[in-house]
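In the two complexes that follow, chain A is the common piece, with chain B as its partner first and chain C second.
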Partner chain A sequence: MAKEFWRWKEYNWKSENINWNNGAIITGGVDVGSVSSQAVVLVGGELFAYSSMRTGSDSPMSAVNSMNWALEGTGMTLENIKYVVGTGYGRVNVPFANKTITEIACHARGANLMYGNSVRTILDMGGQDCKAIRCDEKGKVTNFLMNDKCAAGTGRGMEVFADLLSVPIEDVGELSFYVEEEPPPVSSTCVVFAKTEATGLLREGWHKNKVIAAYCSAMAHRVVSLLERIGVEDDFVITGGIAKNVGVVRRIAKEIGIKTLETEYDSQIAGALGAALFARSLAEKGK
Partner chain B sequence: MITQFRDWEQNRHTYAKAWKEKTGGKVMGYFCTYVPEEILYAANILPVRILGSHEPHDVTEAHIFGMFCPFCRDCLAQGLKGKYNYLDGVMISQSCLHIRQAYTSWIKHVPIDFSYYLPMPNNIQSTHAVKYLAGELAQFKVAVEKWIGKELTDEDIKHGIEIMNENRGLMQQLYSYKKNENPLISGEETMEVAISEQMVDKREHTPVLKELIDKIAGGAGSKNNGTRLMVLGSEDDDIAFIRMVESVGATVVTDDHCVGTRYFWNNVENNDDYLEAIARRYCERPACPSKDWIERSRIPHILSLAKDFDVKGAIVIQQKFCDPHELDIPAIIKALNAIDVKTLFLEFDVTVPLGQFKIRVEAFLEMLQEDDLF
Partner chain C sequence: MIANFGYKDGSGDFYIIIDTDKCNGCGDCVPVCPAGILEVRDNEYDPMADDLMAAVKEEFRKKIKYSCSPCKPDNIDYTLPCVKACQFDAITHSW
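And now, the complex of A and B:
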């Protein structure tokens, strides 16, 4: 079986410093996206555990699996979690969720914690769509825009290119800078057309790094038009899986002329983290 | 409560064919709501608005530009596919070039007994507009008389005005109940009523509408206490979309589009010169963007609707490639935002991606809610 270069590494994490059994309120957030699912558990509002894994064909099972994996080795079970919010495309398929909230609201709330309350613009680059979100100092959404009609500028597009070029997806961003000069972007309107164009460029003798650079550039250009429509206000951050791709992130920052903030948190859990934070507020209010 | 309206809306073609068989009268398909139905009713012709089906089709590519709006393409597709094969006539009153192209292509490719292009002025704010349109209506009246073989008297025209005015007045009354805190009729139900009035003989529609209003006045109906929204912009007869919006916690309480308030918001006022009175009504009705210049009357009108119906947010719809609305929308959004009415912009195509739109609508409603989540 041929190697699948698009397959990114699944992972989980747990805090070694938090005693979850100390009576603090425990809440969870599960973000079932089109490509990946994340589960986050908070203890007293502090990040306690999380996981990130691929969403399979069974969304409810993805929700269960991601939460189970986040809880693995912690001694905590689902019964210990007082309130769970489901988010993402599969938010209605989280069997143990008390409430569903859109990923747009959750990413803004999550980014507010991850990057601080100075964040005003968030670009969530997800598996199959992009969202440009404006928010206030509480992380409350004040405006948003989503990409329309195609997957250009999304994680799935990048996965297609990783496979085409036989480059592990985690390496794509760095490799895109190993070029003598920045090539013009490939088609920015359609992943399939972009792939066709890239195949032609490889046949012309382009090095794969140059093709990657052309695609990262196209992806950046694509989402910048979305950002321009909504207007970018400092501070600006990127969440979602593509936030880990420096090839895209730096090119976006260069195009809009604003640096993205960095965080010690995993950018991919922003949606689930926001969901868990909302769960905490709702649990405290008894809703 | 709205079973009859829904039946009419869903079985529009069956209804029109049965009407024709029952009355022996002619049926006129019309594009755009600037068509003076008063004159058609005066001639005992049934006006039926031509709308799309919201189903994918592949028949218009050879006849209409790809960058013309999906609504006009969908309308033309209905003609090319023979869905309106019972029509005796088809007409348009000038509004935008896209729908005019649909009309032009229709009369070229679909055999029809009678067709008429009514040059409704675009510069309706001109001091000459009413007089000009009255003259055009006189010519249209002559064409209709020639077609049906009968002269239309003042009494006939007056009767046509009364039929239209009565129905419009009732629709205005129905909407007035939607100003209440918990409207007893949903946006989806309202749209069923509004669409059906554009294709059903108003002499049948009006008594059923009266019954509906009586029921609502008597407290019947379900509570609709979702987040109060208005829908505005390009043509929108997409009931499935409104149903989806209301299923996630909204109530559509008013609108500004041509399958809603713009169709019935004002009446023909009394005047001895009936044609001039009709002309004045169409020049002074809430404008669509193709006719809203030099002064922009739409913005104060929309703001007034938003305030009167106490809306919290507005869904702004644009049919893809609809240039007139595309020009108007930024200014309208700015004006609504200035009075703290937030907006959600959505671009419509022949088919609407309900799944994608649902996320946006839900997020929009979350945005409008108080800070419950914080």
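And now, the complex of A and C:
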């Protein structure tokens, strides 16, 4: 079988220095997205474990699998988790969730912890949609809009391009800077047409990297037009899978003239982390 | 909170914008919409709050351009039923 260049790595992580058996409240968040699912476990509000994997066709199964993988090797089981919040597209498909919350609220809350409370604008570039969110210092949503009608500006669009150009998806961002001059962006409103256009450009003799650069800037341009509707106030951050693609991130920052904050956390867990934080608040409130 | 319900596609920006600071969840806008796209519900963007707000029903959020088109005839200047029904001016349209 041909190599699948779009195939990104699944991963899990666990904290080495948290003893979960000390009576602190344990909460979980599961973000079942259209492309990837994440599970996060917090012990007393501290990040204890997480995982990220592909959703596939069976959302309930992927919710269970991602939680099991996050807990693997920790000695903790689902029974130890007091409260679980489900979020993301497949939030109704998390069988063990106590409550579901929209991913917009969860991303704002998660980003507030990951990047600090100075965050005011969040751009979540997910697998199959894109959300622009404004929030206050508590991570409460003050303005939002979502674009889930078009795959331009999403992770799935980038997967399509990685595959077309036979470039591993993790390398796309870096390679987009190996061009002599920045090419004009390709069609920014439709992934299918953008792909057609890219095929044509390759035929004209464009180097792969130049085509990637043209697509990265098309994607950046597309999401900036979404951001303009809600307005950008710093600090500005990008969450989701595309946050790991420097080719898109730097072009967005350049276009709006505001740098993005960095974080030591994994940008893809923002939604699940926010869900786990809400789980803690809700459990304490007895809701 | 400013809630933008809708989407942007190749043909334009289509958002119904609800200002939850003005909306008190009275529901006056719900029966006047001929397409029945509005509802009053809990604030799904602030799970810790207990207040109600008007919102575009989930199943209409990706097609409001078409759902709203009967109320938006060309070249005729009149106030949309939902906008008119809201005594707090909490509803606006982006197109």
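Rule of thumb we're sticking to: the second predicted complex is superposed on the first by the 286 of 287 C-alpha atoms of A that agree within 3 Å, B and C clash if a C-alpha of one lies under 4 Å from a C-alpha of the other, contacts with A are read in each partner's own complex, and residues count from 1 in each chain.
We take it that a residue touches a chain if its C-beta (ideal position, glycine included) is under 8 Å from a C-beta of that chain, and two chains touch if they have at least 3 such contacts.
The model shown is predicted, which means the values in this text are computed figures rather than measured ones.
In this overlay on chain A, chain B clashes with chain C. Using the contact criterion defined above for the overlaid structures, shared-chain residue A:273 touches neither chain B nor chain C, since it reaches no partner. In the superposed model, A:190 lies in contact with chain C only, and not with chain B. By the touch criterion defined above, A:102 reaches both chain B and chain C.
In the overlay built on the shared chain, the residue A:142 is in contact with chain B and with chain C. Of the two partner chains, chain C is the only one that A:226 touches; chain B does not reach it. Contact with neither chain B nor chain C is seen for A:47 once the two complexes are overlaid on the shared chain. Looking at the shared chain after the overlay, A:282 reaches both chain B and chain C. On chain A, the surface touched by chain B in one complex and the surface touched by chain C in the other have residues 101-102, 104-105, 140-144, 146, 148, 278, 281-282, 285 in common. Residues of chain A touching chain B in their complex: 89, 101-105, 109, 129, 138-144, 146, 148, 278, 281-282, 285, 287. Residues 1-4, 6-10, 13, 15, 44-48, 62, 94 of chain C touch chain A in their complex.
Within the complex formed with chain A, the chain B residues making contact are 342, 347, 356, 359-360, 362-363, 366-367, 371-374. Note for the complex: chain A touches chain C at residues 99, 101-102, 104-105, 134, 140-150, 189-190, 225-226, 229-230, 278, 281-282, 285.
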